[in-house]
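Read through the structure below, which is laid out as structure tokens, and then see the notes.
Letters are used for the chains, namely A, B, C and D, taken in the order the chains are written, and counting of residues starts over at 1 for each.
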Amino acid sequence: MDDVLNAVIAVDGAKVSFGAVRALDGVTLRVMPGECVGLVGHNGAGKSTIVSVINGGLTPHEGSVASDGERLDRYGINAARARGVRCVFQELSLCPNLSIVENTRIMHRHLGGFGWRRRAAKIIETCLDAVFPGHGIDSSRTVGDLSIAERQMVEIAMAFSDAGIAPRLVILDEPTSSLDASLARQMLDHVRRFIATGGSVIFISHILHEILETADRIIVMKDGRVVAERLAQGFDHHGLVEAMGTVAKEEPKQRSAREQSTAPLILSHQAKGLSFAARKGEIIGLAGLAGHGQTELLLALHAAQSGNWLPERDPRVTFVAGDRRLNGVFELWSILRNFSIASLGDLSRRGLILADEEQTKGADWKRRIEIRTPDMDNRVLSLSGGNQQKVLFARALATRAPVVLMDDPMRGVDVGTKQEVYAIIREEAARGRTFIWYSTEMDEVRLCDRVYVFREGRITTELAGDAVNETNIIAASFEGIAA
Amino acid sequence: MTPLLRLFGKPWIWSWLAAFIVWFLTIMVTLGASTLGLSQAALTFAAFSVIVGIGQMFVITLGPGNIDLSVPATMTLAGTVALKLMNVENGMILPGLLVSIVIGFVVGLGNYALIKALRIPPIIATLSMSFIVQSAAIWTNRGLRIKPPSVLAEFTTSHTLGVPNVAIVALLISLLAWFLLEKTIYGRWISAIGQSMPAARMAGIPVDGTRFVTYLFCAVLASVAGYLLACFSGGAALNMGSEYLLMSIAVVVIGGTAVAGGDSNVPGIWGASLFMFLVVSMLNTYGLGAGIRLIMTGLIIISVIMLAGGRRAGMR
Amino acid sequence: DTSAKKIALSNNYAGNSWRQAMLTSWGKVTGEAVKAGTVAAADPFTTAENQATEQAAQIQNMILQGYDAIVLNAASPTALNGAVKEACDAGITVVSFDGIVTEPCAWRIAVNFKEMGRSEVEYLSKKIPDGGNLLEIRGLAGVFVDDEISAGIHEGVKQFPQFKIVGSVHGDWAQDVAQKAVAGILPSLPDIVGVVTQGGDGYGAAQAIAATDRKMPIIIMGNREDELKWWKEQKDAKGYETMSVSIAPGVSTLAFWVAQQILDGKEVKKDLVVPFLRIDQDNLETNLANTQAGGVANVEYTQADAIKVIEQAK
Amino acid sequence: MTFRLSSDAMRLAIPALSLTLLLAAVFWLQPRAMSYVGLNLLFNLAVPIALATIAQMIVMAVNDLDLSMGAFVSFVACVTATFLRDAPVIGVLILAGAIATYAALGVVIYLRNLPSIVVTLGMSFVWGGLAVLLLPAPGGQAPDWVRWLMTVKPPLAPMAIVASIVIALVAHLLVMRSSLGVLMRGIGGNQRSVERAGWSIVGARAAAYGLAGLFAVLAGIALVGLTTSADANIALRYTLLSIAGVILGGGEFIGGRVSPVGAVIGALTLTLAGSFLSFLRISPDWQIGAQGAILIIVLALRLMLNRLEKREKRR
């Protein structure tokens, strides 16, 4: 019982539903001072929803929130912030049109008064320096001009920053999804430092080793319920996956080196640095630190291979977006329409859409890739982030395009799904499809036949076969930096 | 959900409801004696708003910032040039129609060229274009009024089974528009572009081609409306389109099409067009002064959107 | 001697046949005057959007361009006063016509619009002594001319109380707008014997009424060629009678000559009046013959006409 | 480190350059304009446009669009020329009420989740109707102090220039430097995150609309000061002009990207473009078309400079 008295935040029996969807079905959860709680679960398990409850953005239909032993009846965003609850949301939530300093002003409501710019700059710079030493981000820059990784860094630093009310509980909802390994490392180290000074953290991630090494206690959620809760030592990777309810599959293995050099060349591009080429049936990885030109190459390949003026019967490339808000989902549409938009050419006759075939194909892919929804005619935004990502995958794979471009597409996708998708990719590649895959996760890069490593907008290294391993990639990523 | 409730969920129902109420209030002044006359007049004049409104709706569906302000000037140019070409000869009706369609093509082409090549926001590009088109109209005939060929004048002003012929034309165009939007790939494409242009591009949609066709379509519909209007009102005038600038936008948005793009709706255009005509008739019939009349029109528009818009927000 | 003087025409609108006729007359008459060396230049300028603020800017530009006189058809009788005052202060002669300005330093060539409205009702009272219901078509709300003519019509109705205005719509002086407005109100109106108008809208009203099975009332016309032609057809077919009245677009040329006379040092009264141009049953054919297809019945003025008008005002 | 132009500075540089080019062209065509009086004549009518443009810009900063700007400025002009002169207290009350109405509109649009375009379209009829009721025929007279304010001859620079600089400065402080300004632009950029930081969106939107209303009221008053009297249709073109001004000044329709100084420059550019045309003496038939052409040219210039700038940046 004194658990509750000491807890920074204690949620009791929270229930939330969105229409027919039970997002939370009686969740009880405590966060003690000086503790990092890991929160894992499949896509749509309700993690982000419990986050909304804790940060005051969502009032549970049933259940209560207490803090420091005091039950809070009128709990809201401002009450949460006053108690030092801070949040890094799953989707980036800075104002892209404002500078970093101005965003700091927005985040800290009580920062006003004469000379706030100077104070805000000091606050955010101090914090950036603390979390990401050597970050090189100028606080007067506009957020829209930053790369996605830089934005995520700013947002993380913002959550740890102190402008009067010190942060006591920082919630990190998949904060590392756009960070490369070294930046993620820096952040995790900072989390440990923060914990050591008595702060609390709720850490959500689908990258299980991060959770395992950083969290003190791990809570596993499934379908809106807490299904397991143990100290971190009580879990290993395998056990965690099992607790999440995914049938534990074997670790992704390096593909057996296939004889690829004889396959016909399907795509080549004169990028900066080494030239880029792809053969039929290859899985090609684009690696390197985040934001060093990988996405640009994908966009250039897409632009070069697809017309903007005339419709094409046989698309040559298709694209899986990572930044789904920006260039992925169509928010007004149903899941089905979001899925079918890229393959309408095959689902129509003389420009007329064949509704039945669309339905059938949609149902087929819903099953194949396990999109969690009662009805493909629901709006796409009713899906959790990971499930939206699956829809985008299905959209691309359902086309006949021989080349699939993937822009870090596994952001926010849970382990089970990832395994399924990896399997599909391998299967499709065996059938002759080419995948060009930018990823910030080493595990994924290792799945590739061949890897191009990027550094400052140019391809610096090409690795193939057995040479595709962590050591080589990291070495190539930092090549040229005085180390 | 019961069927009735579902009906109230449709964004277009409110404009229809408003049109009906206003219609009812107007005919009650004469205790129903004016029913037929008023209904026919409403259908006739709504037809022109419907035709230009549909074009405008396609453009607005392309997403925020997309709008075609060159509609009135295009109507004027098409009407004046076509009537000048036909020069009261019945044999020239088809060439006249063709020429007005070509004019629509050229204006649409110009609009999209400005938008695309010079990256000018559509609202400014089409405004600039409209000035040029208006000048061209002045230059070609300096306000000359030529009568339409008799067959055409007869056709546009008479009825078939009590329904005005222009309304039938507008209905056919509406059906075509509905079909395009709901059943074809093109309809999906413009809706997708309206929701997110980058996403549409990455989904392999030929974005430029689609937008181009849409601007063409809008300009062509405007020129056809100009052609019909000039014949209907017995000659083209240099200012004949000016009313349709606000009108074409108003009927689209009152009709329940999302102003933010991506979501369009054809029945609403009819409801809104009828409403816009009937509300002026009603206020005229009740003998209200211009000031009061304007205020009432504004308040009614706002109430319609409050009912419709508020509903949709709740539906989500 | 005004051979070195430059005159500008500031026009706020070119979008209808009346304004086009006005510009044509201006071009014709001043072109000859420039060729003859009477004045050095007579340039016409038109604003794009028919707005007082735009025209004010135009006048200010004319000041900068160094014109000696500005002939002005104003978008608003008062909203240009600031700009007109600035022109006067810069020593520029300002002559307004049709759309006149109230600024005292400017000259005004006015039409008695009130009388024009009143005379319409007076005419009807002669044709239909028993009186009856009237439909009024007004111009653009909030504009001076609209208010004046309408006031005149209501004065006329007071004078001839056998008439009653049962409906009033705004036709914006455009025939398609008038047609639409009339078609909308017509079904709810009782029988009407006459339609009082402001010009440019008679043909539209006729079209709207012809589309119903009502008896054609007497529609006062506004001197447009289409109106006159329709009247002629009706007259030939069934002896239809009406009258037509409006201001002649050629009044711009009178304003030009008045400006020239003032620049020449003539003493000219600030307020001049020109009669409106009225067409009746008997002179319909002559006027129709003189009117360009698609144009407006017109009178152009000479220097001598202007001198006569100036003399009469004294 | 290489020198990097911030995107805000770039947003400004381009409109400023096009204004300079246009001004040079005007001076070349009409050297007489290069004087105290000449500059005042060129620019004094830009003052109310600049104010209206700022108002429109504030509405655009929160991702909305005000189609009633022209009608509202006309209405204010009518109030100024009648009540504000004859019964100043009532006049001030009416104008305060109008600003409050604007603020209320902001609240209603947000709370009911309405498209601002439609609501303001409706309001444009309402304001127009009120204006016609106030002044059925043109008339009224500017209060003396307003007239004085708009015709004052300050030393060194003419009123039009001084006023434009003051407007730009005040708007810049309000929109770009103050906390309220950051909040308003933040709403345009990402409303959800502003809400999550604990701000009241209703309050911020009310403030934005109220501020826009205030600037529009100032525009109406300034306009009457120049024209000396009002009519119900006097400023209808301000709706499109103000939108064009914001765009010319580097603002964008959505995303909260605006620039007050740019907006004022945009308004000046638009006014100047009109003068440039009348100095060119084009045939009457094509005078209207030329206004379109000049808009296109000025915007194309913007594109060209934009490209240059980008190339510069990439280097």
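As a convention for this text, a residue touches a chain if its C-beta (ideal position, glycine included) is under 8 Å from a C-beta of that chain, and two chains touch if they have at least 3 such contacts.
Bear in mind that the values here come from a model prediction, so they are computed numbers and not experimental data.
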Shared interface partners, meaning chains that touch subunit C and subunit D: B
Label of the chain whose CA centroid is most distant from the centroid of subunit C: A
A-B or B-C, whichever has more C-beta pairs in contact: B-C
Subunit A-subunit B separation of Cα centroids, rounded to whole Å: 45
Chain centre separation (subunit B, subunit C; CA means) in Å: 32
Separation of mean Cα positions, subunit D and subunit B [Å, integer]: 29
Whole-Å gap separating subunit A and subunit C, where each centre is the average of the chain's CA atoms: 71
Touching two or more other chains - residue numbers and ranges from subunit C: 14, 48, 141-142
Residues within subunit A bordering two or more other chains: none
Multi-partner residues of subunit B (at least 2 other chains): 131, 134, 138, 142, 258, 290-291, 294
Every chain pair in contact, whichever chains are involved: A-B, A-D, B-C, B-D, C-D
Of all residues in subunit A, those that touch subunit D in their complex: 55, 57, 77-78, 81, 87, 89, 93-99, 102-103, 105-109, 111-112, 116-117, 140-142, 144-145
Subunit D partner contacts - residues on subunit C that touch it in the complex: 14, 23, 27, 43-46, 48-49, 51-54, 56-58, 60-66, 76-83, 85-86, 102-103, 140-144, 146-148
Complex contacts: residues of subunit A adjacent to subunit B: 302, 306-312, 315, 318-319, 321, 326-333, 337, 341-342, 344-345, 348, 351-353, 395, 399, 401
Residues of subunit D that touch subunit A when the two form their complex: 6-8, 177, 179, 182-183, 185-186, 188-190, 192-199, 255-257
In the complex, subunit C residues that touch subunit B: 14-17, 19-21, 24, 48, 138, 141-142, 167-170, 172, 174-177, 179-181, 183-188, 203-204, 207, 211-212, 224-226, 293-295
